[in-house]
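Letters A, B and C mark the chains in the order given here, with residues in each chain numbered from 1 onward.
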Amino acid sequence: MDYLYGLAQTIGVHTIIGLSAYVVLQTGQVTMAQAAFYAVGAYVSAMLTTLWGLNILIAIPVAALVAMVLAGLAGFPALRFKGLMLVVATMALGEAVREFFFNFDYQIAKGDLKVGPAGAEGFRQIRYFYERGWTTAEVAAFIWMFVIGIMALLWWMDRSRIGAVLRAVGEDELAAQSVGINLTAVKVSAFAIGGAIAGVGGALYAHYTTHVEHTAFGVLMATFAIAYPILGGLSSVFGTLIAVVFIQGLLIQWLPILIGGELRNLLFGLLILLAMNLRPRGLIDPRVARTLRGLFVRSPNA
Amino acid sequence: MLEVSDIVTSYGKIEALKGVSLEVEPGKITCLLGPNGAGKTTLMMTVAGILKPRRGSVRFEGRDLAGQAPRRIVEAGIALVPENRLVFPNMTVAENLAAGAFTRSDGAGIAEDMERMYARFPRLKERSTQAAGTLSGGEQQMLAVARALMVRPKLLLMDEPSVGLAPLVVEEIFRIIRDLNRDGTTIFLVEQNAHMALQVAHHFYLLELGKVTFSGAPGQLAEAEVIQRAYLGSKKTQ
Amino acid sequence: MVTFLQSLIDGVTIGSAYALLALGFTLIFGVLRRLNLAYGSSILVGAFAGAAVFAQWKAGGWAVAAATLAAAVAAGVYVERLCFWAMRKGAAIASMVSSFAVWMQLEEFLALLFPGRTLSFPPLVERSVFELGPFQFRTEYVAMLAIATLLVVALEWTMRATRFGLAVRAVTEHPEAARAMGVPVARIAFWAFVLASAIGGAAAYLMASAEEQVTLHSGMQLTFTGLIAMMIGGIGSLRGAVAGGLVLGVVETLVQAHFGATAREIAAFGLLFLLLVLRPGGLLAQDFAVREAAALRRV
């Protein structure tokens, strides 16, 4: 059972990071910096709880806020870049942040133990949940509270004016500008919202794994972050969730059990390729999305 | 020479051409006029083989070319001067011309044709080693025409050659069109500038919302009405 | 001053290999308008094949070089067919994500085949040092610079003087116009990919033979180095790629000489950042960057 709860934790956190990229992708900006904000969320929140003993319900919003400010700041120079330039610039930002945590050393003595980020070794002993005796199931439930909250928020946003504005910018910047949309404000806000969400994801990640290190925040994570919403079709938050379940649940967790761990990455790559080739607009492309919606929502003229 | 019949071309589910039929007679200048979004460029791209029609035929000198690769169509003797010229900006004028002759492999013939182009367009000769992106709009249009002529086409398709050019330059381009035609090249021209087009055309068509709504010689329809329909579309179809 | 000039010389040498990496990247990006994240790992497959041939038969330089190039091209073709050729037109990001999946796949493939993860690689020439005035020259570096220069010149000639080169450049600048003139765009893109893989394979060969070993981690480094050098030079420009590679090599070497190896890693990204902010199009900026933006806008 614990195994399943563990899987639920992974899926939950990955859904959050996928959603963080979803917001930015809505504006037509392909970002590879989400892993960086995820890292910031992880380190900041873990330092708050572990080094200074703050409650996690305070640590998470603070971490999200720090990640949001950083993402907002990154959003301004990012305005200058489009397309590939943005991909590479954000990738470079992500790598720079990873390098920073690779060299980040700040420990304080706690009892007979020194805790805190220790450069290449990473940040061990993030024992918040353990010290309070939370079970795996409780931690999973805690994570999913955030997942559901963020999904609900974005689901509402998609249907509101904000979502329409984000998509307008994504469709055609010139047209959006000509109807009076402030591109700078929209793009920077999208970056900031995405950064905050990624920060929440990182905070939750740090606390359930209890040990973070810089390798977890590299290009792999950045690619996952944009791959989920793209594979999910970018038309609904549920697509992102389904893509995470598909990749993390099906491909990464169950596939090795079926075929043996050695070949995992080989087959994993192949299946991603297959999915991308057969459904280049995502597993849930607009047509499937319409069909699905039709199942649950009665059309007005039916 | 060119017979387009009942062509349907669509982007996804949207039909841009809804059964277009028209004909280009050898040795003539045929014009296609119509408002933006009527499908003029789509028709050009379909004839040039860049877009595949869903239905219908494109017969050129008796052969059906519909759906053939652009390369086959170029080899059959049809060359396109694309909308917005699309010269290769970082390549020299000479390289642009050489690229135009991509489908040919006779080195001597290509060199000879390049000289012919330079004779026809002396300004290109002056700038032959200059990057095409540094040319003026009119010169770029000349280069785009010369590039298309490098395959010695029997039929030249020209997609809005006057767009974005100053009035004097437009007159020069139309003079070139007339000259080319006099020297034996059949021309099929898509234009927004109905006034200029009607001066050179032997025959013209009006295309509105993916359908041909008029076919005739200039003079058969009052110029004011042509201009009205070419810019705005007629009220009936709107 | 002498140390500075010595670093400059070393930087230009290593930069010449970077220039080859960037050339491969920019060729692919030019004709496809898509980012190939599997570039580094596919040419690493080549380097491992070369190392394997060396380990198995103690083969000489030519056989190792041939094996490296052949395997790099084979891996490149695999990437092209799966991530680029098969993809729907316009799905640039789907291609990029797929190429990332292939990156992981190829690395896993190498890890399974070569559990040791580090293989020795034969040097290009006998290791030795000769002096010229106050400067020291390592023979293997001189050979590397010579071969890289030769390859760059040969590529420049191919791009300027052959029909294929003309077609590649035409497709890079305006694919639609090139198509209208009868250039078979998909086929040209494929052969450009093959050429880029061969150039990347040559770069991998030169770098591996200078270090006399290949390791599995270098795939990512190769990708990033090529990518950054391309961006510094200005995407879509072959001369920019050469300039970007040289600048990156020199800056990295200078930073390492003065601030140590850790700073070297950050230097590449720092340089890129600085340049992107000061001159977003790269050193030899073209309007290309503006035009390619449209290619990656639609997911």
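To be clear about the criterion, a residue touches a chain if its C-beta (ideal position, glycine included) is under 8 Å from a C-beta of that chain, and two chains touch if they have at least 3 such contacts.
None of the values given here were measured: they were computed from a predicted structure.
Taken chain by chain, the contacts run in an open path, each chain touching the next and the two ends left apart.
Taking the mean of each chain's C-alpha atoms, the chain closest to the overall C-alpha centroid is C. Chain A and chain C have centres, each the mean of its CA atoms, that are 31 Å apart.
Distance between chain A and chain B, defined via averaged C-alpha coordinates, is recorded as 50 Å.
Inter-chain centre distance (chain B to chain C, centres taken as mean C-alpha positions): 41 Å.
Of all residues in chain A, none touches two or more other chains. Shown for chain C are the residues that touch two or more other chains, of which there are none. Residues of chain A touching chain C in their complex: 25, 28, 30, 77, 80-89, 91-93, 95-96, 99, 103, 170, 219-220, 223, 226-227, 230-231, 234, 262-266, 268-270, 272-273, 276-277, 280-281. Partner chain C is touched in their complex by these residues of chain B: 48, 50, 69-71, 73-75, 79-80, 82, 86-91, 95, 98-100, 102-103, 105, 133, 147-148, 151.
Here chain C touches chain A in the complex through residues 29, 35, 37, 82-83, 86-88, 91, 93-98, 100-102, 104-105, 107-109, 112, 220, 224, 227-228, 231, 235, 262, 265-266, 269-270, 272-273, 276-277, 280, 289-290, 292-299, going by the rule given at the top. Per the touch definition, chain C reaches chain B in the complex via residues 160, 163, 166-167, 169-170, 173-174, 176-184, 237, 286-288.
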